[in-house]
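First the structure, which I've put down as structure tokens, then a few questions once you've had a look.
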Amino acid sequence: MSTGVLLSAKDLSVRFGGVLAVNKVSFDVHRGEVFTLIGPNGAGKTTVFNLISRIYTPTSGSLDYDGTPLLAHAPHEIAQLGIARTFQNIELFEHATVLQNLLIGRYVHRETGFWSQLFFTRATRDAEIRARHQAEEVIDLLELQKHRDSLVAGLPYGVRKVVELARALCTEPKLLLLDEPSSGLNVEETGDMAFWIRDIRDELGVTVLMVEHDMSLVSKVSDRVLAMNQGEVLALGTPAEVQSHPGVVEAYLGSAGDVESLRRKAA
Amino acid sequence: MQLLQIIISGIAQGCIYGLIALGFVLIYKATETVNFAQGELMMLGAFCGLGLMTLLGFPFWLAVLSAIAAMALFGIALERVVIRPILGQPAFSIVMLTIGIGYVTRGLITMIPTIGTETHTLPVPYKDHAWSVGALVLNVEQMVVIAATALLSALLYAMFRFTKLGIAMQASSQNQLAAYYMGIPVRRLNGLVWGLAAAVAAVAGLLLAPITFVHGNMGFIGLKAFPAAVVGGFGSLPGAIVGGIVIGLVEALSGFYLPEGFKDVAAYVVVLIMLVVRPNGLFGEKLRKKV
Amino acid sequence: MRFIFKTDYAQDIRLAKHGGHVFWYSALVLLMLAAPWIVSEYWLAQVTFILIYAVVGLGLMLLSGFTGQFSLGHAAFLGVGAYTQAALTGAGVPFPVALAAAAGVSALVGVIVGLPALRLKGIYLGIATLAFGFIVEEVFARWESVTGGNAGKHVKDPSLFGWTVESGEPFYYLCLVITVLATLGILNLLRSPTGRAFVAIRDSEISAQSMGIHLARFKTLSFAISAALAGIGGALYAHKLKFISPDQFGVLQSIDLILMIVIGGLGSVHGAFLGAIFLITMPQVIALAKDHLPDAIALAPGLQGVVYGSVLIAFVLFEPLGLYGRWLKLRTWFQLFPFYRRGMFRRQKSFQKSERLK
């Protein structure tokens, strides 16, 4: 595999009962790019994410990440490999503070074992302070200072989305999976999200794979776009190329002429 | 022949477990609450019947129907006063609440001077009767239990499957807010469900009373009904009865064939095996969160 | 009003977050050390029981309150610890070794009981643990060569480094030391990655997995630690009572333990202690109140059940955060006086959603 490709999916298929949710999907994600999946609901985009997170296992096909076959790993080993994700319906730790959520994100970088933690040795204390430093850097990047000690359960939706992003960043990933980062956000918050995704790519050097419906956000930040429909690949290319692809337009984006066919013809 | 006797008595005992489990499952299906006080409701039903028959001198059938009706009203009242305020809280809280209700009920009954602490017999017309079928001696009490259980299960199954009421109950258990939006009177339904479950418990109590006598600690049998509900699949009404019968049979057979002590834990061993092999029970559905 | 100015990370990590904490907890330690001179022998015994139940409560709090695993058969671990200790000290094994063994055997049983937890959640797990509880209780009754069966078993006094720790004062100090060590251990775990992993599992298993937390390992660990603590508590319980029998470790004891942590305040270390205080002092309070009640009520055997049940119902309905929650509200009232607003701790109205899909 060439060193430019971080994630490589080949002929991925997954079947749930009688439904073929993902059908022979293949794509490559290059290091350092922002790669977006678009498509109507039910196209299989989040299912692909769940395959990468190893929540589901594909019925056929292969997934290679950074030279290793991903399918050989269990779901809890994914974070260690450097893959982090956010969820479509926020899955935060509701009864913990924002800071504790972020510190849980630092779990993969823990330095001490059970007994050292039980006695809270110097090593554990120092590791805690280092973890705190790292978490604070992410808090600074995403401007979460005033929510640091708030319980997640009471926070507004927009802030929770940012906390999910922050928690994923705390794992110091190589590949970040963002599932609909702008859903439920207003224009200003979406603008902030666009800046952050660009910063994540440019300053932190993280490869971003995202699912998105907001086309302006897609055009603003994406390097390449993959359009899916009914579990299959429809088109792959730059944002402009994919958005003007006739198949994509028909299945997903729609055009001004769409309603014409419904107009009653003159007798 | 003795084996057949044991099997029948196992089925009869299992029907009791099944009826109590039926009450659990009713409440679980409608409100996703687990009612740890179901055994105590059964005990109350038995005492109610006892009181009506001995203290007030009601004839048998009148006492039975009145006891069931009274328990139904009690169930509705219980839901209104104690359960309704906390619907929406995590399941653990509601379970603790029902445990508390069980404690209070048991305590209050044992506090009644003299009656509460003694063991009583329920004067049923078919007490100690037996039918002879060939070489087989059938205990009428057990036959009544089996017949009543079959009838009740059929009625309830039909209600949930074919009536709007049943579908509304299932809807409000899965998503209360959406059920409200659809115009389902969720709170009234919950009250009805608890009333129904209490009535079923009363039936179980009245059926059990001739076999084990009426006393304040009767409700502990309810703990064996949990394995029954799990074996059948929490959320399945026929499953509750089937689960109960399975447990009853295993208990009766292990009491006969296995060394002492196994009979008491038979139910729990069965449920553990079931949870390992088929966690969703015999008739349960497999549900999974979609992220 | 107190404003805590945070100046460095170490301050946030420390157990005592500000001067007030240091002062009050030091005062508490001094009070506990001086207790034998302050209270009567009878009340010292009650305090010893509070300490013992608090240790067990810490374990159950870790398992149910912090890791979110239902455990309805916890008295089984208490019993395993008690019987292991009784058997070993009866055979002449010195106290520290026997205690370690009691903790170890309990932890092992905890791991076994925890195996269903790896696949089950919520009420199913509760019923599995309930089933285990009954089975273990029956084992205690049947395994007569080790446990003495239903007739019970006598327990010798603990012997530590040569001399015998008698019941009463010396035993109280032994329990105090063990309780303090257990509490510090749990507090340390909760402020490190392991404790946070437990909380993550409680709140969202899928998320925890995606953060790299091995669910099976941590659930098993949580069961092991909580069983070990219950085992230690059980060992001390055996020495204190000097006589144990299987019916002390049945379902009623298990429910008492859960009652304790729910009334104390689920999800807080303080809750274990407050719950233990409640559990031990409630019978005393009822006994004192009996003198003022009419005979019909006072002498009835069901009174304790009614009181326990009513208190539990009252807490679940009106104070779900438990005694610790009530204390927090009280303290906030004093701290913010006169600016405390009625709705500060109000829960958002929530609608019931199916937990089968969690």
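As written, the chains take the letters A, B and C, and residue 1 is the first residue of each chain.
Going forward, a residue touches a chain if its C-beta (ideal position, glycine included) is under 8 Å from a C-beta of that chain, and two chains touch if they have at least 3 such contacts.
Because the structure is a prediction, the values reported are computed rather than measured.
The minimal number of chain-to-chain contact steps leading from chain A to chain C is 1. A centroid comparison over C-alpha atoms places B as the chain most distant from chain A. Distance from each chain's C-alpha mean to the overall C-alpha mean is smallest for C. Mean C-alpha position of chain A lies 41 Å from that of chain C. The distance from the centre of chain B to the centre of chain C, each centre being the mean of the chain's C-alpha atoms, comes to 32 Å. In this assembly, the C-alpha centroid of chain A lies 48 Å from the C-alpha centroid of chain B. Residue positions 55, 87, 91 of chain A each touch two or more of the other chains. Shown for chain C are the residues in touch with two or more other chains, namely 206.
Under the contact definition stated at the top, the residues of chain B that touch 2 or more other chains are 291.
Taken in their complex, chain C has these residues touching chain B: 64, 70, 116, 119-120, 122-124, 126-128, 130-132, 134-135, 138, 141-142, 206, 251, 255, 258-259, 262, 266, 296-297, 300-313, 316-317, 320, 349-358.
Chain B meets chain C in the complex at residues 31-32, 34, 82, 85-97, 99-111, 113, 116-117, 173-177, 180, 216, 223, 226-227, 230, 234-235, 260-261, 264-265, 267-269, 271-272, 275-276, 279, 287-291. In the complex of the two chains, the chain A residues touching chain C come out as 53, 55, 75-80, 84-85, 87, 91-96, 100, 103-108, 110, 112, 114, 117-120, 124-125, 128-129, 131-133, 167, 171. In the complex of the two chains, the chain C residues touching chain A come out as 9-10, 12-13, 185, 188-189, 191-197, 199-200, 202-204, 206-215, 221, 267.
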